[in-house]
Each structure stands twice: as structure tokens, then as C-alpha cells.
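Right after this note come the structures.
First chain A sits with chain B, and in the next complex the same chain sits with chain C.
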Partner chain A sequence: MRTAFRIATALLWLGVAHAEGPGPRATGDLGIIVEREHGSLQLIETSGNSILAKISGLGDLSHASAVFSRDERFAYVFGRDGGLTKVDMLERKIVGRVVQSGNSIGGAISQDGSLVAVSNYTPGGVKVFDARTLELVADIPAEFAKGKLSKVVGLVDAPGNRFVFSLWDAGEIWVADLSTPAKPVVDKYLDIGRNPYDGIITPDGRYYIAGLFGDDGLALLDLWQPQNGVKRILPGYGKGEEKLPVYKMPHLEGWAMVGGHAYLPAVGRHEVLVVDMSSWQVVKRIPARGQPVFVVGQPSGRHVWVNFAFPDNQYIQVIDTLDQRIVKTLEPGKGVLHLEFEPRGGEVWVSVRDLDQIHVYDTASYERQSLIESRKPSGIFLTPRAHRIGL
Partner chain B sequence: MRTAFRIATALLWLGVAHAEGPGPRATGDLGIIVEREHGSLQLIETSGNSILAKISGLGDLSHASAVFSRDERFAYVFGRDGGLTKVDMLERKIVGRVVQSGNSIGGAISQDGSLVAVSNYTPGGVKVFDARTLELVADIPAEFAKGKLSKVVGLVDAPGNRFVFSLWDAGEIWVADLSTPAKPVVDKYLDIGRNPYDGIITPDGRYYIAGLFGDDGLALLDLWQPQNGVKRILPGYGKGEEKLPVYKMPHLEGWAMVGGHAYLPAVGRHEVLVVDMSSWQVVKRIPARGQPVFVVGQPSGRHVWVNFAFPDNQYIQVIDTLDQRIVKTLEPGKGVLHLEFEPRGGEVWVSVRDLDQIHVYDTASYERQSLIESRKPSGIFLTPRAHRIGL
Partner chain C sequence: MPALSFFSKILPFLLVLSAGKSLADEARQQELRQLIKHDCGSCHGLTLQGGLGPSLTPERLKPFTPEQLAMTIVHGRPGTAMPPWRPFLSDAEAMWLAQGLKTGELP
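On to the complex of A and B.
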């Protein structure tokens, strides 16, 4: 058997060397880039900054996002058309796909990696799938009044195989415990504010925060003390600030949390807000080049990177969190849609849609290290997200 | 070629099915357990909690530690005998080994993954190796006076391909910038206190903290503002507290940082200290079952787990950080040496040396999920460390 194995191995290396690459492949430095208009992904690696493969047939990928299996082998891609596609990054192909609703917006993977949840607009609710087989294991319609289903947004994972999400039409936050997958236990928080449009969870899994499109401020739920209910924080935020036309409601995922402060996009204003996370008060407003979309913390501390809505989406600005001011402005080109840091922060990947390019920058020198061709790239997702809460 | 490839693949799967397992393997859920007295490792996976392979021939592994390559394929194991061993976790074998000094204590991998550094007692200094080939690329003797070399301890990686470490004999902290590997640039901080014995860096790469065996308190260097020099913090800590016999100087790696507080082992006392990280003052002392060794934060927030020095090393205690009190005592058995959480915190792996066992506990129910045979296990290291600063 050992000899047979060795021959097979030798043959395989030969075959692989021509067909795919140099043999076995680890997965800690992999990632995917969403080519939104082509329904395709580029499989990338961040050690040499290269494209390993293209994978097509994922449907409508506008506003698509992805999560990863706990072993970093599989990507689960959530499309706008309700498609949930499972991609095997080692075999470099689609291994499962369900069109699970008419219209969806994001998903999450459970703490133990066994369940993938998707939040849907039509019909409104959350569906939960077996991460291995993509079989439906739980269906949670967002019925907030008799026969009325709400659009669901801001779906995240929380410790204990729970999922937390917000109901746009109902103004509610729901916490679903999937410890027994077939029998979800749902805690509902009512009257949290009008039209929550997105949500995040802090990296320690403690706070869930929903943005409110129809009300001032943000809704905060302390998952360590849920008995205290949902509180309104940052009373001036959002609607109250909307003095300029809002081209794009900023993502909440793009909040940087550094040294007890959260850095977040002001709505409709050319500012990044600095918020003290113990009091949830705004302590500083940093003037910026445009309306911020993502405000992302560099994992190696100190700096926060910001991109902007149209008409300023050709810029990136970098904030030094020590003195809370902008220290660098980059101009990658029109259509900077997303930023993703390598996990230890040495380089950052930037999608530049209108140039059909991905740029990779050194975060210390700000020099461009790599330029990769891509067709209308949007989201960039690296496998270390598998190991983080809420990503 | 495609046909040849398919035949090779089919043969390999056959071979693999018998010899190794079911084909390609991702690396995000792998880890190693150090069998200290046998010079061997167990290769583990945390999805099904099983042993995949045993790898022998690593020399003296007492007090051994490990870091991982950025793709999570390779483990670099630092042995007490000066051995640096590179293990391919996909091929399940040793692929490189150098005995690089007479006596060493720990190592680190650079931010970009290209360099592995080892701190040595004999001869005192740091050697830096190419992570791919294990060729020596830089040698930094810890010469603090003419012809006098210091033992080096507390070596960590810092953002910007830097390494930070402490000189036991000299009472100094050095910061080595390896941006140009062949020409390290070393900044030295003198008179930081007598006999630093260990060091850590905070997860954001900002603060380096050295424990002092021969002085009160701890030495703190703010790497964002190095011009401010090294400050002494926690003046009562360490020597000043030593009222009971100290069986084991507690590791500094085992500091939990949760919600602006650091939880750390008191030296020689049956207490866990809670320190406010903005003022670096002790704000609470939590009585515990013995002298703490590791105080480790559960990634999913709220709880901190503690193990103890002899004669209380059969216990683990769990602290709730919300009200800062002990909420659970477990008794896995004599010789609980190390704790390692899975990256999203659902389970924790515990080495129980005297039982020759590894226990895996569910962190919510405290129930034991798995029991794995191991020979005198000590350190447990999971691959998600590859993506963290200072681990």
C-alpha cells in the first residue's frame, strides 16, 4: 500500500504541476473577490498576491457577501437573487447551490460552523441550512403581525450558535438560538426604532447595534444583559444628521473599534465620527474627503482606512487614531467599493470597480504592491474571517 | 494530460483513503499538541476533535512553543534544546530542522510570514531564519557590555516585520526592525528593571510589557510612542507581592484583555488581578483556588479561564468578567498545563499531563465533549494563531 500510495502521489504531483499548481494547498491565505456583474468569483492567495482560479455560475452577485467554513475550505456566497452557493476552494468549483428565496441580503455562519443562515427580503425571514449539505434545517418567517412578513437585515452570528437580526418593516431585533437546530428559540425585542437597515456585532460578541433609517440614533442590545432591553444610543446620528443628500447608507460592518473608541461613518456628511464605547457619546468629528462608506480598522493597530460614496469614491483616506486626524489620502481610481486587510495588517486589498482592478497596498509605506485585473470587482473576503465573530 | 491527471487522482484517493484520510485537507481547523517527554507532536483537528497523525523526532520539547505560517500549512516548533523544527501539517512530516543554539526559549514569526525568530539563552541573542528554507538571515547577539551576552526572553512579533524582546541579564528591551532582513535596525531601551523574565504584546500590537523577576512592577513600552520610553506600571506587582512561595512564575502570554481590563495572574498569591488598561491600576483582586498560571480570555467574550501552579494544578476556574467573580470550578485532573480556545470560543482544549489526556470542553455548558489520549501533553497550539499579532 505504501508503494501504491507513493506511485499515486508521484503521478498526482506530475498531473497537478501542469493542471493546477504545486500539490497540496493550505487555506489560511486564501480569499475570494466578487465580480458582481459576471456572477463569478476570483480565488486569490495573499502570500504572493495572485489569482488562483476563476469560478463562475453564482447568479446575481450585486451586493453579495460571503462567509467561510471553520476549516477555511468552503466559501458560502450570498447573492442578491436569493442564491446561496457553496464553493470548494481546494477543488476550485461550486459544490452546492440553492436559490432559497426571491431576494436576500447577507448571511452568517454559526459559531460551531454547522449552520449557515440567510436573511431574506422576499419572503421576509431567515432560513437556516446545514453547512455540509445545504439542506434546510430551520425556517424562521419574520411574521410581526398576522400574515405580515418583514424584510430581514443585519443578520450576524453570536456566541452559542445564535443568530441576531433586524426586521425592517417591524422595527424589531430578534435573537434566534439554534442550539437545537430544528427548534429555534427566538427572543424578540420590539419597538427598537423605525426601519433598521443594517446591523453589526462587536468582535467579542457582546453588543448588537442596528442602524435606523427612519429614526434618530442607533439601537443597541447588550447580549450579555439582554434583560436590560434595547437602548437608543448616539441620539444625533442618522436621520438627525442628514443635511446633505445621502448617496448611500453607510455599512455598519465598516466600523473600526480601536482603543475603546468606535470610528464610524457619519450619515450624509463628510465626516468620520469618533465614539467613546463606554458612554456611546461622540467625542470627535473628523472632516473627510466625502461621505464615508466603510471605516475599517487596520488589524495592526493605530490606523483606520476610509472609502467614500459617489462622487468621491476614487479616494481612500487613512486616519491616525493616536491624534485622530487624517494622515494620508490615496486615489486608487473611480469606484473604490471595498477594503479588506490581511489578518495581521501588513497589506490591504482594495477593489476599484471602474478600473476593473484590485490594488494591494503596503499599509506602512502606502505603496501599491500588486495590481490584479478583475471584472467590476466589489467585495473582497479573506479566509481568516472564518475565525472571527460576526464576519 | 487530463486523463493522466484523473487516473493519478483516482489512485491517490485510493491510497489516501487507506493511508491518510479523504483527499485534500484544509488547514483552518488544525492544531498541534506537544508531547513534551517524547519529542513528538500530535496533529489534531477541531471540527471532529480527533488526532490526525503523530510526528516524532523534534528533540527536547519541554517548555516548547510553536507559531504557524501565514497559510496555516507549516508549524515552527521551538524546543528547549535550541531546536527549530518546521513541520508540514499537510504532508504530516518534518520538512526542516536546525539546532540553532544550545538553549532557547520561544520564538515568533514576522508580520509578513517570511521570517522566524528564536530567542536564545546560550549564546544569548536572537537568530532570524528564512521561514521557507530555515537558512539563517540575521544574527543579533544580545551584547549589552563588551563581551557580555544576555539571555533573551519574551520575544514577540510586532507590526512592520519587527521583533521585540527582553534581555534578562541586562534589564533591557530591544526592538529589532527586520524590514531589510540582512540589516536589522535595533532600538534599545536601557534600565527597564532587573531581570525581565517574559514579555507580551497586546493584540493590537501597541504595548509591549515585560515581567520583572528582580524588581517591583512591570515594564511597559508603547510602540506607538516609543519616544516616551519605558514606563514602570503596576508598582505592587511581582516581587512586592511575593508573600507565598512562588512555585512557578506565571506566564505573561496568559493575560486576558476584556472590555478595557486586563486579567492577570498575581505572583505567588491565590488571586487574579483585574487591571484598568487606561490607568494601569489594579481595580480588583479576585480570590482563586491557587496560584494562577494562565489567565485566558474566551474569544466569545465574557469569560476568563484560569489554571494553577502545583499543588492546585488539577483545577480550572472560570471568571465572569461582567461581575468579576468566579462562576465555575472544574477538576480535569492533576497537571493541567495549558488551555487553548477554538478561535470563536465554542470549545476549549485542555492538556492534563498526569492523566496523559486532552480534554475538550464546551464553554457554555462546561461539559466535556471529547477525551483524547496523549503522552504527557503540554502546549496546545491551533492554526488560527497564524492570523494574530503576538501569538
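On to the complex of A and C.
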């Protein structure tokens, strides 16, 4: 009896040891899921699709996002309430937290990993912190007219320890060079179009592109040739057509770029746009189920997965990039908020808010591989982001 | 004063009575609460403290009458990011939301 018990516990222990691996643990298959209403994170691993830990006390996480330290050990989480929280994924706990503004929207980590920048709505601007200590290093108020601060969106890192971002209220793109962290040098590009709502940088760090809510088209800045200024691309797509109401702003992050084409969400149209990246012309408009929010390329580039704004947020559609048409519609459930591919693209993690679930799908068969309970999940962030420009 | 706060407590009720059946439905009220939190929240913040759209706290909404707010909710503000919610809300429901925002009972 006793021996049997011992053997059982030994086996149990072996089982745990096997799942977790003996000795020190690496972080390459880790990630975090934001539980938006509860101010908590689930620490996950993607080898066995399991939850390793739950970390609470991160404040208001509606619209939260995260970046990772270059060694993939720490996550920096940006909360709506202006909180910047540093989480140690090995120790599975919060190791630093500052509430740095009243209302923030996102952040980025510098090329060398030493600086974390946060973009704020109120007071509008960007604050830059020491990634190690979370001490404030630089403050860049987005003052576009005397005493007037703009909400800041679309903050990304760019090569050369620069940060690029857009001013929603002012219609400007700013490039802040933090080579000397305490003395940021800011280049401003004015009149780029009305109400930029988000921005991305191409994975090579060359182009910064801001989506415009209040104007047709997008604003493009070539960071290799900044002297050429910002130019408007796709200025007239869908001109003369009535725009549909937008119940949630699209996100540009994760844009698929395949075979010289970019796939991006149209605004006010239920379409995914395919854009030739040499001429910056729309080559195809793919009709979709609703207003696209995330248009994310599967890492192999063969497929692009799309989720949608209210009232179509129960769907995901998959586009085949070979013939640029929709080949699959999935219906995970109401409130599909985010999707994140594993780095080699075999599986994709999907948050389904209203079901309080995370679904993990096989990207070839579309079969659901795992179902994980989560409380009002939103963003899903996997550590390989640590090594990609703009993430 | 107690009379007033009593009135503000029963006001949504009165509105419900005048609005007809859909709002008497507890399930629909629950849906609307979810709508405020998550779908309005995507621009106004989960706790309505503001985001891309302004904060919708009772303090900030003081200058507006419930009718004005309901109009904004139903028709949106053309030329801004505030979309019209007409396809998803009846007038009575918009009024219920407006009232709930003004009193702070929502979200």
C-alpha cells in the first residue's frame, strides 16, 4: 500500500518534471494572455498548450498590450489606466510597476532593449522608461499647438533606438531619436492626414505607415529616406462610396506582408485590401464578413487570418494569399478579440471574450486543438515578439 | 433630497414602463450592460474613463440632457469616430443607456 503510494507520487512527480523539463526553464515557448476585466495575466506555454501561472494586480487592462525584453524573460504590460507593469515570467510575478499617466494606449521597446516607451491619451504624449528599473528617462509631451496635447497612437520602435508614433488630434507623425536617452531628438511630420488611428512599421524597419480615420488612404514615411517626407498612399480607394460605420478601430499590428503585397483592414468598408508594396496601389479588395480589426499573416505567409468589429466579432475568416480569396470562415463565438500565431505557424491562439475561453487551432486542418478557460481574455502575446522590429 | 434620490432610482423603471416590453426583459438589460462595457468601452474605456472617445462619467455628462445623449447614441456624431447605434438599439434602449450613464448606474 505504502509502496504503491510512493510509486504513484513518484510517477506524478515525474509527470510534472517531464512537462516542465528538468532544471532551469527557457522562455521561448512562453506567452501571456490578458484577462482584461480582472487586471490579471495568464502565463502560458505553447509546447503543451497549458497555463503555468496566473499573475494578478495589473490594474485596468482594457486595451492592454505587451512587449518583451530581449532575453524573453520579462514582459512589459501597458494598461489602460496608465500602468506599466514589468512581469518576470520565470519567477512568475510582478517585479515592477509604475502608473505613469491617466490613460495610456500602448508601448514599445527600443532596439537595444534598454528603453520602454509608453504612448498616452491623457496627458497626450510619450514617456520613456529605463527597462531595468522603470525609472522615467524622458518625457515627450505631444504638444501640437500652444497648450494643446494630442492623444498618441501607433507607437513603434525603429532601428537606431528610435520610436515613431502618430498624433490622433493633430494629424502628425513624430520620430523620436533616443540615442542619447535623456535628450530625445524629435523630427515632426505635419499635416499627414486627419485622425491617424494606428501605425505600424514594416518588419525590416523601413516604412512607418499610419492608418487615417478622418481621411482616405494611409500616410507613409520611408525611414530610409525621411527627407522625402510623408506621402499619402491609397488616397482614393473606394472613393465615392458611402462609408459604413466603424464600431471598433482596426489595428494595424500584425499586418500580413506576402510576396510583395500587404494585406490590411479597410476602414468603414467590409473589406481586406491587398496592396502592392512597390507602387503602394490597391491591387485587390477582398469582401469580408465585417469591418476587419486584425489582419494577421500566418508565419509561412500562405494564409491571412482576419477578425472583425462588432457586430461580426464572432467570426474569423482565412484568406489564401495564392489566389487572394477567402477559403474558410470559423465561428469561435462572440467577442473574438485577438489572434496570435505560434512562431512557426502550426497553431494559432484565439481569445473569445464572451465565452471566457481561449481556443487554439491547427492552422492546416482548422481543428481546435485546445480549449483553455480564461476570464474575459483579450490580447495574447508570445515571447518570439521579443526579436521582431515593431512588436 | 431623499425624494430626489428615490426618484432617480425609480426613473429607469419608469422609463422601462413607458418604453414597452423589450426593456422589461432582464436578459436584454444584461446584454446592454455588456454592450456598454465592451463595445462602447472599446472607445470610451472599459470603465468609461475615456479612450479614443471622451469619458462618459456622470460628472462629464452633466451639461447634456438624457435626450441629447440618446440622440448622440442613436445617430452618432457624423464627422467623428462616434458611430450611430441605430441598427442595434431602439429609442427606448438608447434612453435607458443615456439615463444609466448620467446617473452612473452604468456600466
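The rule is short, and it goes like this: the second predicted complex is superposed on the first by the 361 of 391 C-alpha atoms of A that agree within 3 Å, B and C clash if a C-alpha of one lies under 4 Å from a C-alpha of the other, contacts with A are read in each partner's own complex, and residues count from 1 in each chain.
Note that in this section contacts are C-beta pairs under 8 Å (C-beta built on N, C-alpha and C of every residue); 3 or more make two chains touch, one makes a residue touch a chain.
Source: prediction; values computed, not measured.
Trainee: Figure out whether A:Thr122 sits in contact with chain B (first) or chain C (second), or with both, or with neither.
Mentor: Only chain C is touched by A:Thr122; chain B is not.
Trainee: Applying the touch criterion given at the start, work out whether A:His63 contacts chain B, chain C, both or neither, answering first, second, both or neither.
Mentor: Only chain C is touched by A:His63; chain B is not.
Trainee: One more residue to check, A:Thr27. First (chain B), second (chain C), both or neither?
Mentor: A:Thr27 sits against chain B, while chain C stays out of touch.
Trainee: Tell me which partner touches more residues of chain A in the superposed arrangement, chain B or chain C.
Mentor: B
Trainee: Is A:Pro181 contacted by the first partner chain B, the second partner chain C, both or neither?
Mentor: Neither: A:Pro181 stays clear of chain B and chain C.
Trainee: Hey, which residues of chain B end up touching chain A in the complex?
Mentor: 1-2, 4-5, 7-9, 11-12, 14-16, 18-19, 24-29, 45-47, 68-73, 89-91, 111-113, 159-161, 204-206, 224-225, 258-260, 278, 299-302, 322, 343-346, 364, 383-384, 386-389
Trainee: Okay, in this complex, where on chain A does chain C touch?
Mentor: Of all residues in chain A, those touching chain C are 36-37, 60, 62-63, 80-81, 102-103, 105, 121-122, 151, 168, 195, 197, 213, 245-249, 310-311, 335, 353-354.
Trainee: Touching residues of chain C toward chain A in the complex: what are they?
Mentor: 34, 38-39, 41-43, 45-47, 49-52, 76, 81, 83-84, 87-88
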